[in-house]
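Letters are used for the chains, namely A, B, C, D and E, taken in the order the chains are written, and counting of residues starts over at 1 for each.
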Amino acid sequence: MNERIREILSWYASENPGVRANLARMLNHGRLGGTGKMVILPVDQGFEHGPARSFAPNPAGYDPRYHFELAIESGCNAYAAPLGFIEAGAAEFAGDIPLILKCNNHDLLNDEKDPISAVTASVSDALRLGCSAVGFTIYPGSAERNQMYEQLRDIAEEAKSVGLAVVVWSYPRGSSLSKEGETAIDVVAYAAQIAAQLGADIIKVKLPSEKVEQPEAQKVYQKYEIPISTLAERVHHVVQSAFNGRRIVIFSGGPSAPDETFYNEVRAIRDGGGFGSIIGRNSFQRKKSDALKFLDTVMSIYEGSIQ
Amino acid sequence: MNERIREILSWYASENPGVRANLARMLNHGRLGGTGKMVILPVDQGFEHGPARSFAPNPAGYDPRYHFELAIESGCNAYAAPLGFIEAGAAEFAGDIPLILKCNNHDLLNDEKDPISAVTASVSDALRLGCSAVGFTIYPGSAERNQMYEQLRDIAEEAKSVGLAVVVWSYPRGSSLSKEGETAIDVVAYAAQIAAQLGADIIKVKLPSEKVEQPEAQKVYQKYEIPISTLAERVHHVVQSAFNGRRIVIFSGGPSAPDETFYNEVRAIRDGGGFGSIIGRNSFQRKKSDALKFLDTVMSIYEGSIQ
Amino acid sequence: MNERIREILSWYASENPGVRANLARMLNHGRLGGTGKMVILPVDQGFEHGPARSFAPNPAGYDPRYHFELAIESGCNAYAAPLGFIEAGAAEFAGDIPLILKCNNHDLLNDEKDPISAVTASVSDALRLGCSAVGFTIYPGSAERNQMYEQLRDIAEEAKSVGLAVVVWSYPRGSSLSKEGETAIDVVAYAAQIAAQLGADIIKVKLPSEKVEQPEAQKVYQKYEIPISTLAERVHHVVQSAFNGRRIVIFSGGPSAPDETFYNEVRAIRDGGGFGSIIGRNSFQRKKSDALKFLDTVMSIYEGSIQ
Amino acid sequence: MNERIREILSWYASENPGVRANLARMLNHGRLGGTGKMVILPVDQGFEHGPARSFAPNPAGYDPRYHFELAIESGCNAYAAPLGFIEAGAAEFAGDIPLILKCNNHDLLNDEKDPISAVTASVSDALRLGCSAVGFTIYPGSAERNQMYEQLRDIAEEAKSVGLAVVVWSYPRGSSLSKEGETAIDVVAYAAQIAAQLGADIIKVKLPSEKVEQPEAQKVYQKYEIPISTLAERVHHVVQSAFNGRRIVIFSGGPSAPDETFYNEVRAIRDGGGFGSIIGRNSFQRKKSDALKFLDTVMSIYEGSIQ
Amino acid sequence: MNERIREILSWYASENPGVRANLARMLNHGRLGGTGKMVILPVDQGFEHGPARSFAPNPAGYDPRYHFELAIESGCNAYAAPLGFIEAGAAEFAGDIPLILKCNNHDLLNDEKDPISAVTASVSDALRLGCSAVGFTIYPGSAERNQMYEQLRDIAEEAKSVGLAVVVWSYPRGSSLSKEGETAIDVVAYAAQIAAQLGADIIKVKLPSEKVEQPEAQKVYQKYEIPISTLAERVHHVVQSAFNGRRIVIFSGGPSAPDETFYNEVRAIRDGGGFGSIIGRNSFQRKKSDALKFLDTVMSIYEGSIQ
């Protein structure tokens, strides 16, 4: 294991060797293995948005095996999906790529103002399917957030006790936030802090905007002149907000954007000290050859082989 | 075991041998045994609609033994019913036909806008009664759906751990859907996807209409020109939405219709790549001799001996 | 054991020998022992209506021992009561009469539109007190019905696993029913079906009226000309609705009525194929000598020694 | 053990020897030991009303040891208090007086229309602290009553299984009762019945007024001319309502009153067949010397040494 | 162990030796070790107020190690924080300072009128991380308070059974209190009493104002002329309200104030018989050198080396 990975693992000294081994497994896997950067393929859109909205742009994606193949061929660090998708490939691709079992999910057939996901898989499922980690979404800002935090705690405690790492999707949503506030810099930084305090090993947040949502926070950002005008600065602030960089924070891009825009966001993540990207729709909703080229560019930026 | 059944079982490689054996038991039983097609007799209408509405058209059906006999004599692959009906015949007909214990049920004496069924039987019940599978209904679209998904997960995890297969009735309902939306093609496809992601081994949905309910989905169906104008195309799209055909999806017909209409629906299921039918009221609400003739025709269409 | 009791037990072939032995114990006890008919004394009115409304008409009833004595001396098949009343006599009258521990109860100090009873005793209580069965009330039609069904399932599963029979009081109530609808023939038949599907060994319902409550049911009753004009016909339809007579269904009379009216109801239960009566206030709210005479007449009608 | 205590214990023949031994321990302790009468000191006012309202009148009471001393020196049968107060003296006064651990409590910092107490101690706490009984409050009439009844059942079942007696405070309150109705004779009698049916060994109720709250009950009280005009008659009716005197019923006096009034209430309890008093604020809110004199008079009345 | 610590421990005679050892560990640690006074550093503001509002004033605090260092170098008795912060330093600073794992937390991304915290850590977490105590916040006055009391009871019972001490933050809040009422003397004293009755070993409350919130309490404060005009008198009354000084009560200061004001508050705590301070924002939101000087002064006041 190289120095950088050793350093990262040192931040997790309270975790048992099983959890640290699984973190190492993900950090050392794939094309970015050993760099301390990660690109993860998540495919929960079938549950979250329905099958046609997810897979019609590239119908190969209706088949769960496709995503295993895409993640493996592109050299991702890990592949994350709900129970059904993992079950549908875990035997065939056993040992080929670290797996993250997404343990809760939300659908849009009934979209609440204060959302909460259903718990849809267990730590036992993750173990029997050979996963390296469990994934869990929380919605800070939702009136139901306490229930999600407590579900996460239960799953995280059980997962860590059997050596699985814990990946938390921390997505502010709910009646107390404006739509733009969901990606406001103060809110995203707060979401990263909450996930870290809840014991997340890896934290996934959305890229933050320049907006500051909370009046009390606004005073502080102005008084202390926290730099948030560039995306790299905002990434830096979010990473700082997750234990001053001592927790792995990765970023998602949201709906599809022109590739060059996306590459620039990756550059900002890299320059701001972020640990990588979790890229779903932007990769699996195009043909595999295009997706491989796209992910190759992303990874090259993280590697530094492309500036 | 023939090639087709072996192929189907290969999609369930993450399940333990017990679950796969029970899937094989159902796939290999009855007149369609070995074809990869299934016809299942479900009789939960007594609970769902009350006894007179269910059994007055053919009073022999008040007796729980009647349905065992009908399923056996017609050569169905399996018989599904709530606890009471299964208990009332499981000893007498032990070993004669694979049984599916319906583990939740809903009655109409209090009909809510956002329905949820009561959990009315357990995995232990299924085991002591010699069942091959548990059955469970979810109502995607209901504000109570998360609770149902979580109840299903608990029962499914326990059932699979003891080698029982899991059959999910996925019926969109609730305040967020229009009445017609419950069978809209996008909604039925979404319901199939959700059931598959929740780990269902066999998925039961209603036959979809041409309607597209969700505006966001409509854009996608139009942009990618997903073919949904014929029933066979819609069946194909639903099967595709359940892991590209790698999960067994069967269809129910709803209230009674002229037989020829029904046979045409069966042809569409067959031609669209569906795996079979689950036929309740259309079979047990007529005299047994008529029902046997009716089911004979249905199975002949699936076999291909009738076009 | 005589033929009739053997026949009745044959309907319960899925139950373990312990449950069947307790059913036999109740069927073979008392004056009607061996006839296949039952008269049960229930005394939960103290909890349900308060002590003065229950016992002031015959103050001997304040003493819990009185009801044991009344049930024993009159030759009832069993005595049913809440925890406190059973505890207050179970030691003194151990082995003298089969006991049914009523495991949930409802009081009128706060009367809700959608009622639910409190669970007030456990299967362990029933075992330590030497009971033959547990009793449980459900209110189909109440918005809280799912919770009651699930509580019943838990208790029934545990009770049966230790050899106790399960007696279900199925009383439609709640905001979705009219007051008269609670005893409408379609509703009572539906309530009997639900109890049977939930696994009840013995079902207690109220005597049904000629009214049909549900519009959808009304169509069926008319189309198929289900005979419901006499009380005996309605009893027959309810018994048919509980697995075509293959579950023990007994009837309660409600508030006090002239004795001759009551006897005629008993005749109708007998002639309609009902299995007996559960008689509370009509027996314990009169002097013991009167009650013994009254119950003697009731049992004579069931025996056939009085027409 | 004398005849009277033996007689009282005979009413509890369904309880195990452990519970009966603890009942005997309380009945035989202190100045009234062996008389079948009890005076219990309860000090939960600190939790229920706040510390100043409880202890400022006699600041010695801020110290939890004071109440142990008061109960011991006055010769009470038992001392009842919440977890903290019991923990603060159980070691020092181990074995000096039977203890009742009050397992739920309510504060007035948020006073609901339909109150429910928090469960604040467990049966394990009672065992490790050397208690003879657990205490629990229910509020019949509250919309939350079912939850309290079920909490009580859980605690009572566990407590009795380890030989602890169960003392129930049955205090009607809630949106369905008028303020005066909380102590109406029909309501208090109903509350005693409910506690007895729930399995209480000792029942604590408030002294009832002449008012009859419920219209349905009023008819019965008039028709059967139940005597309720004197306090002794009302006490008799409440005791009758708790299994015709076969459960220990004790009475609380409520807020402070002139001593002579209080003594007359004690006389009425004695003359009506009540089993004693539970006296909190009237004893610990005066100087210890006064309290000892006051309790001496109360006990003398129960003994009969004072008429 | 010196006499004063022995005396304090004698108040906890009902606790097992494990709990008493951990209390001793905290009382004997740091600069105030052995004095019976405590200063604790709590850092849960990252969760409670968000990272920027908490750490921007002194960015070193984004790093969880900083707070361990600050607590150790200043000679605090213990350090308290949520799971994530404790996990991020427990291995590196193992054995250097007693740790208090804050087991529930609240964020402001959705701020309810009747707040409740999420349970975010467990007793097992506290054990595996080498903590001496668990910390838990209750909000007396909130409509959700019963749930918090019951969560605390569960955690406290489990914690004590494995030898961990229990520290309770008792902060009145909720719809039934005015904003000023949250620190009213009657309310703070009541909050201390509730925490003590719930079994808290160490109680943390806010410094009380002269306001009396509850009308019923006001009458008592006036009638008995309870001295509450100086802060020291109010501290004395709060300590008296927690079992007459037989529970450790420490005080928090709230948002930053001029240092001299703060020192005067510390003098009042000392003079009123309080046991110390829990100081968060006032210490970690300034540079470390300033914080060390500030805490040095605070501890000197408690020691008595500064008047």
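Convention: contacts are C-beta pairs under 8 Å (C-beta built on N, C-alpha and C of every residue); 3 or more make two chains touch, one makes a residue touch a chain.
Keep in mind that this is a model prediction, so the values were computed, not measured.
Novice: Check every other chain and keep only those touching both chain A and chain C; list them.
Specialist: Chains that touch both chain A and chain C, as defined above, are B.
Novice: Given that chain A and chain B are copies and touch, would you call their interface same or different according to whether over half of its residue numbers are shared?
Specialist: Different, since under half the interface numbering is common to both chains.
Novice: Please work out the Cα centroid separation of chain B and chain C, and write it as a whole number of Å.
Specialist: Between these chains, centre-to-centre, one finds 36 Å.
Novice: If you look at chain E, which of its residues touch at least two other chains?
Specialist: None at all.
Novice: Record each chain of the ring in the order reached, setting off from chain C and passing chain D first.
Specialist: Starting from chain C with chain D next, the chains run C, D, E, A, B.
Novice: Across the complex, what residues on chain E touch chain A?
Specialist: Answer in residue numbers: 46-47, 49-53, 56-57, 59, 62-64, 82-88, 90-92, 105, 107-112, 116-122, 124-125, 129.
Novice: Tell me, which parts of chain D touch chain C in their complex?
Specialist: Against chain C, the touching part of chain D is residues 11, 13-15, 114, 140-143, 145-147, 149-150, 153, 157, 161, 172, 174-177, 186-187, 189-194, 196-200, 214, 216-217, 220-221, 223-224, 226, 237, 240-241, 243-244, 246-247.
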